[in-house]
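Multiple structures follow.
The same chain A turns up in both complexes below, where it pairs with chain B and then with chain C.
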Partner chain A sequence: METAIEVRDLVVVRGKREVLHGISALIPRGSVTGLLGPSGSGKTTLMRAIVGVQIVKSGTVTVLGDPAGTARLRRRVGYLTQAPSVYADLTVRENARYFASLYGLGAVEADRAVVDVGLGDAARQLVGTLSEGQRSRASLACALVSNPDVLILDEPTVGQDPVLRDELWARFNALAAQGSTLLVSSHVMDEAGRCGQLLLIREGRLIAEDTPDGIRAAAGVQDLDEAFLRLIRAQDRTATTADGGR
Partner chain B sequence: MSPRILLSTTGRIVHQLRHDRRTLALMLAVPVLLLTVLYFMFQGDTPPPGIPSTFDRIGLIMLGIFPFVIMFLITSIAMLRERTTGTLERLLTTPLGKLDLLFGYGIAFGLMAAIQAAVAAAAAYWLFDLTTAGSTGLVIMIAIANAVLGVALGLFCSAFARTEFQAVQFMPVVVFPQILLCGLFVARDAMAGWLQAISDVLPMTYAVEALQEVGAHRDPTGAMWRDVAVVAGCVLVALVLAAATLRRRSG
Partner chain C sequence: MIASLRAELLRLRRWPVTWVLCGTWLVLNLAFGYLFNYLSYRSRDGSGFAENITDAATARVLLRHLMPDQAPITLVAGLPMFGGALLLILGAITVGSGYGWGTWKTIFTTRPRRHTALGGTMAALGIVLAGLIAVTFVLDLIASFTVAAAESQPTTWPSLADSAQGFGAALLISAMWMAAGVLLGTLTRGPALAVGLGLVWSLVVENLLRGVAGLLGPVANVTDVLPGTAAGSLAGAVGALTQSDPNGTPGVTAVIGGTAATILLGAYLVLFLAGSLTLTARRDVTT
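== the complex of A and B ==
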């Protein structure tokens, strides 16, 4: 399968601490890849490096054949930040139309993106007056509007009800079927099953990179939640043994 | 830079202001109220014929100072909000160029300043009988140039503030010295040499001198155009410096 994103030996230092310790991963084109891991494990940092907004210490990140952050990629890569980043003093529609305009797109595409995230009825509402979950969907609409080749979505479904989450995941998979590459971070394991591929990251290290079925097989359980716990414990044991042998 | 993105960014900023009616109302009303106070302060003071009245002298300069101060503050806060809410980081991952954003602010707030200056000038000339030898149009033009200077300095200074508390502190640092030393309180040639030297490098000095030229001469003078050019140059320098503070990558 063709590779859309290639991360090689990525080391990132934030503040005074090294938070990614040499991550390597391949993300295939036309797929939804889930990025999972505990809070503080480095999911957002890895995504920032792929978008090209993170200063990296060493290693390379290549997106669609170009180094991450290259000017040319700005039309092709869409980024949803973890905290909603939309203008609170504009309406949902005005936000979507503004972000659409940056890509040379018009009101039609913008209004469609608003409807796609289920905010059709709130289109004329100021973002500042939206509920938390609505605001994060307004932010999502602004990332989807340009229909980019690569979509980096940092916890897009947080705070959404099960029906909406289901719809959003159906949309992500539809986008991938049309050839887009999606990297979606999440805390929620039941979402992991909807990904084509999973990256499990812990304390700045990649501990698994496989399909959901591959991970189930490796851990020997059906439940992904349980599978992750086992992988993490297995890794802890190897780490302790290694330390003990030193 | 792209004209399309510049235009939509300008439009976006104007839309944001339009949703904030109270800010708009304050922006237009406050200068007029302050001019009113100024007018009554100097009402009793009648200079001998041939000498401009105190209101003519100070009111004219105020028309240039209001837009500068207000636009400086509004821009610093607006830009700080772009940084703290993450919209700036997001914008910098899109095809938007740094200058699209900076000029967008310059144009949008420059337009607001034009309206503000027109309202304040209308009040000054019609209600309070402000008299200048030169034309009202030139006064408004200089007021707008000064507003854009405020915007440019605000864009630059906001890079050094992490919080709103810090951002408002730049007002006394950047704005007050310029007001004190621009020749409003003490004529520039009556200042100590070192104060004059500081005054010489502060851009507002030139805006005020340009206004004084319009006040004293019927036709635009060479000195006035030179002063306006200096202000415009400072705007460009501040915008370039502001662009340098916008980093696409951070730690």
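== the complex of A and C ==
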């Protein structure tokens, strides 16, 4: 399968601490890849590096054949930041139209994106008056509006109810089926099953890179939650043994 | 840049803040430029509330300034201080709120160059500004023709040269203050602190310094080249009554000449805009 994003030996220092310790991963084109890991494990940092706004210490990130953050990539990469990134004193529709016109698109595309995230009924509401989950969907609509080749979504389903989460994941998979590449971070393991491929990171290290089925097989359990716990424990054991051997 | 400009124009047009600030300016300009002066002119004959205007000569001066041919001057008079402060707020909030809501972060990752995004914002602000000054001028003309008709005074249009001069001066003064707001919004990465600092500077600090300069010669070397001094001096050079005149407008001065003031304002404008662009391009995008 063709590779859309290639991360090689990525080391990132934030503040004074090294937070990514040499991550390497391949993200195939036209797929949904889940980025999973505990809070503080470095998901957002990895995504920032892929989008090209993170200063990296060493290693390379290549997106669609170009170094991450290259000027001509920026039109082709959409980024949903973890905190909503919308103007609270404009309506949902106005925000979507604002971002649409940044790409030279019009009201039609903007309205479609708003409907796609299930905010059709709230389109005329001020973002400042939306519920938390609605606001993060408004932000998602703005990231989706330009229909970019690569979509980096930092926790897009946080605070959404199961029905909406299901719809959003169906939408992500539909986008992938049309050829987009999506990298979606999440805390929620039951979402992992909806991904074509999973990256599990922990404390700045990649501990698994496989399909959901591959991970289930490796851990020897059906439940992905349980599978991740086993992988993490196995990694801890290796680490302890290695320390003990020194 | 064109896409950014269109996006920012859309935002400014749909944004309540734009309308509130521009509306406030229009109301203040009409109230202080025409309404209050006209009321005090009318009250000269005994009815009362402006006892200081007893003298017929003063009344004539007052009426003179309300006539249509003086409209280019009235347009400029309020800008060095009050209008400038409002436009500084608009510049600061337009840029600062993008940091506050986290939208710049996203926009900077999707634009080919960060310059483009901020450049589009500046251009959009410039268009809003030009429109606002034009509307102000039209309203001032309407107000002055109304006064002239009510007082059966001759209605002479301002000359084209005077109008162009007034319009240019108004644009330069207000653009300089707005650019100062843009720079502050960029520096502080938020609307609140930028607005606060800008207002304290333009309304308080500069005036205090000018007060000190009156007592302490060397300080005058500094205050003579401050943005507010330049703005006030250009307004004064165009013909607005200075703040030391009983009918003058606060902020209008005659400290430096018109040409020097124009050059200084142009320099500040370029400096503020270039500073904002450089800072935006160089800086890391935080979390």
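Here is the rule we use: the second predicted complex is superposed on the first by the 246 of 246 C-alpha atoms of A that agree within 3 Å, B and C clash if a C-alpha of one lies under 4 Å from a C-alpha of the other, contacts with A are read in each partner's own complex, and residues count from 1 in each chain.
Everything that follows uses one rule, which is that contacts are C-beta pairs under 8 Å (C-beta built on N, C-alpha and C of every residue); 3 or more make two chains touch, one makes a residue touch a chain.
Owing to the predicted nature of the structure, the values given are computational and were not obtained by experimental measurement.
Aligning the two structures on chain A places chain B and chain C in a clash. Of the two partner chains placed by the overlay, chain B and chain C both lie in contact with A:Val53.
In the superposed pair of complexes, A:Thr33 makes contact with neither chain B nor chain C. Of the two partner chains placed by superposition, only chain B is touched by A:Gly15; chain C is not. Of the two partner chains placed by the overlay, chain B and chain C both lie in contact with A:Gly104. Shared contact residues on chain A (touching chain B in one structure, chain C in the other): 51-53, 55, 74-75, 77, 79, 81, 83-91, 94, 98-99, 101-104, 142, 146. The residues of chain C lying in touch with chain A in their complex are 3-4, 6-7, 10-11, 14-17, 97-98, 101-103, 105-113, 284-285, 287.
For chain A in complex with chain B, the residues that touch the partner chain are 13-15, 51-55, 69, 74-75, 77, 79, 81, 83-91, 94, 98-99, 101-104, 126, 142, 146.
Considering their complex, residues 4-5, 8-9, 11-12, 15-16, 19-20, 85-87, 89-96, 248-251 of chain B touch chain A. Chain A contributes residues 44, 51-53, 55, 71-72, 74-75, 77-81, 83-91, 94, 97-99, 101-104, 142-143, 146 to its touches with chain C in the complex.
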